[in-house]
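See the structures that follow.
The same chain A turns up in both complexes below, where it pairs with chain B and then with chain C.
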Partner chain A sequence: MEDLKTEIKEKVIEALKLADITPSDIDDEAPLFGEGLGLDSIDALELMLLLEKNYGIRLANPAEGKKVFVNVNTMAQYVADNRTR
Partner chain B sequence: MDSPVALSGEYLRSADPVFSDFIPPMQARRMGLLLKRAVVTSMDALSKSGISSPDAVITGTALGCMENTERFLGKICREGEEMLSPTDFMQSTHNTISSLIAIRTGNKGYNCTYSHGESSFGSALMDAMVQIRLGKISSALVGCHDETTPETFTVLSRAGYFSPMQNPATEISVSMVLYEDCGSALCELSSVKVIASSEDDDAIALEALSGTGYSLSDAMVITDRVSGPVFGRNLSLPAAEIYSAAHYVGEGRTPCAVVIGGSCGDERTVAVLVRIKP
Partner chain C sequence: MKYSSSVRVTPSGIVLNEKRLAFASSGEDLLVEAYRKQIGDWPKFFKMDPLSKAGFVSSELLLSSEEPRKHDCEDRAVILYNRSGSLADDRIYEGTIRSKEEFYPSPAVFVYTLPNILTGEIAIRNKYYGETSFSVLEEFDPTTMIHGLESAFLDPMTASAIFGWVECGSEDDFDVCLFLVHKEGEGLKDFDEKEFLRIWKI
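Then we have the complex of A and B:
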């Protein structure tokens, strides 16, 4: 699971062009939206794309993203439970 | 830019500032090069004018954010149309520049983008002037922004579009604030006219000067066909020429300047008159 978390962090940094941020800067429990990384609604769309491209996970209901994208821990758990590749 | 920079060759890229000095990294992360340039020049123009939120944001751009457009089209070719990044799509549209500036300045008023080839900036200027004179707005941020990416340069070079002296590949990002009360401004934009095609620059200048009380000998005529080795005088887009004209007129070197934009032989030519304030 730790490897998956690091991998997700790397992909998030790349997809969202988070310059000057490294995986170690992102706390597993820190909120991705609002405080913490301070992401916005466009980032949410990019994260949905990230899941689909890399793990074959399609979020049919965008509202589901609110639970998935709480922090790196929730993302990693969701990927581990639902990935198709 | 405080001092001129000598340039040569047929591919003249802009000299960019350190963008992080102007835009926080988290805000800049989605912006391509052209958007960053547009934001920096716009914020600089607004800051110098003392107007933080203009009534209108009007942009002229022939090609829009080409960097993002190329990336977006490339992904369509490579990955199909199923999983495309919303960011690349958003940034690839022509009106991204005006929209972003409106968001940053809190402008909820008139917002328009002209993408009319080389007449784009002239059209944007004319729109601002007409609306100010009609009393619909009292201030407008007008900009001209275009980039020449390496890919665009390669493609257009193959088509024989560029040449080192006559038509070098250039980039432009110029912003200016037009407003009703010019205050202590040294010079002003007096008129923008679309004139029927003519290859005679003096004839175009005379038409632009008609009714102003100035003769040809009072004016500096600057055309987009002027070329030289110094920044601000050799760019082929009208915005740079207007910037240059305002600079020279403002220094009191000549009472007014006529800037002639548009390609020689085009059906229409844009003539812009810049003059010292009475």
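Then we have the complex of A and C:
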């Protein structure tokens, strides 16, 4: 699971072009939206694309993203439970 | 019309108020270097498309000598022109939907597939609530551009404008010439087509 979390952090940094941030800067429990990384609604759509592109996960209901994208821990758990690739 | 500052930004260098700034990079890296050294407090820069990166850095440098820097106002317009619209970003977006096997349309890229997103970026950064426009011309045409500026100044609310040309064909291909133009102002240089072309040729 730790490797998956690190991988997800790397992909988030790349997909969202978070300059000057490294995986170690992102706390597993820190909220991705609001405080934390300060992501916005477009970033949320990019995260959905990230799941589909890298793990074959398509969120049928965008509202589901609110639960999935709480922090890196929730993302990693969701990927581990639902990945098809 | 008068102007208080000008900036020329090309892949080979940056000239602010007719003085060349010292940077080690060129092309896209020049914009990143200028951002890191002269701006640095707007991380959204790294998410922008090539056109917005070029226009944003140019506008920030243009405004860097304004004292005090105008902020949160309704009397400043943003009037921009170019030839290629958002073509640089259009190409990048096209790359995300080119094949059925790799069909992942990027929302973050898609939002920049209009050139007037740049005027919005500048307005948001500075909290400008005045008129903004981005027009696409067949070619660089200072007569038409200045006519548009004069029209903007017919609005009694508009007292100044970030005005000029922001052309961008790709990450490493941009050509910017911006002015901070004022409807009137004591001690400022006159702004007309001849002055526009003089700075353009620097």
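As a working rule, the second predicted complex is superposed on the first by the 85 of 85 C-alpha atoms of A that agree within 3 Å, B and C clash if a C-alpha of one lies under 4 Å from a C-alpha of the other, contacts with A are read in each partner's own complex, and residues count from 1 in each chain.
One rule holds for everything that comes next: a contact is a pair of C-beta atoms (placed from the backbone, for glycine too) under 8 Å apart; a residue touches a chain by one contact, two chains touch by 3 or more.
Note that the structure is predicted; figures quoted are calculated from it, not measured.
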First, second, both or neither for A:I42, with chain B first and chain C second: both
Touching partner for A:M1 - first (chain B), second (chain C), both, neither: neither
Which superposed partner A:K17 touches (first chain B, second chain C, both, neither): both
Overlapping contact positions on chain A, where the chain C interface meets the chain B interface: 16-20, 42, 45-46, 49, 52-53
Chain A residues within the chain C interface of the complex: 16-20, 42-43, 45-46, 49, 52-53
Complex contacts: residues of chain A adjacent to chain B: 15-20, 38, 42, 45-46, 49, 52-53
Chain B to chain A touching residues, read off their complex: 25-26, 28-30, 83-87, 90
Complex contacts: residues of chain C adjacent to chain A: 43, 46-47, 104-108, 111
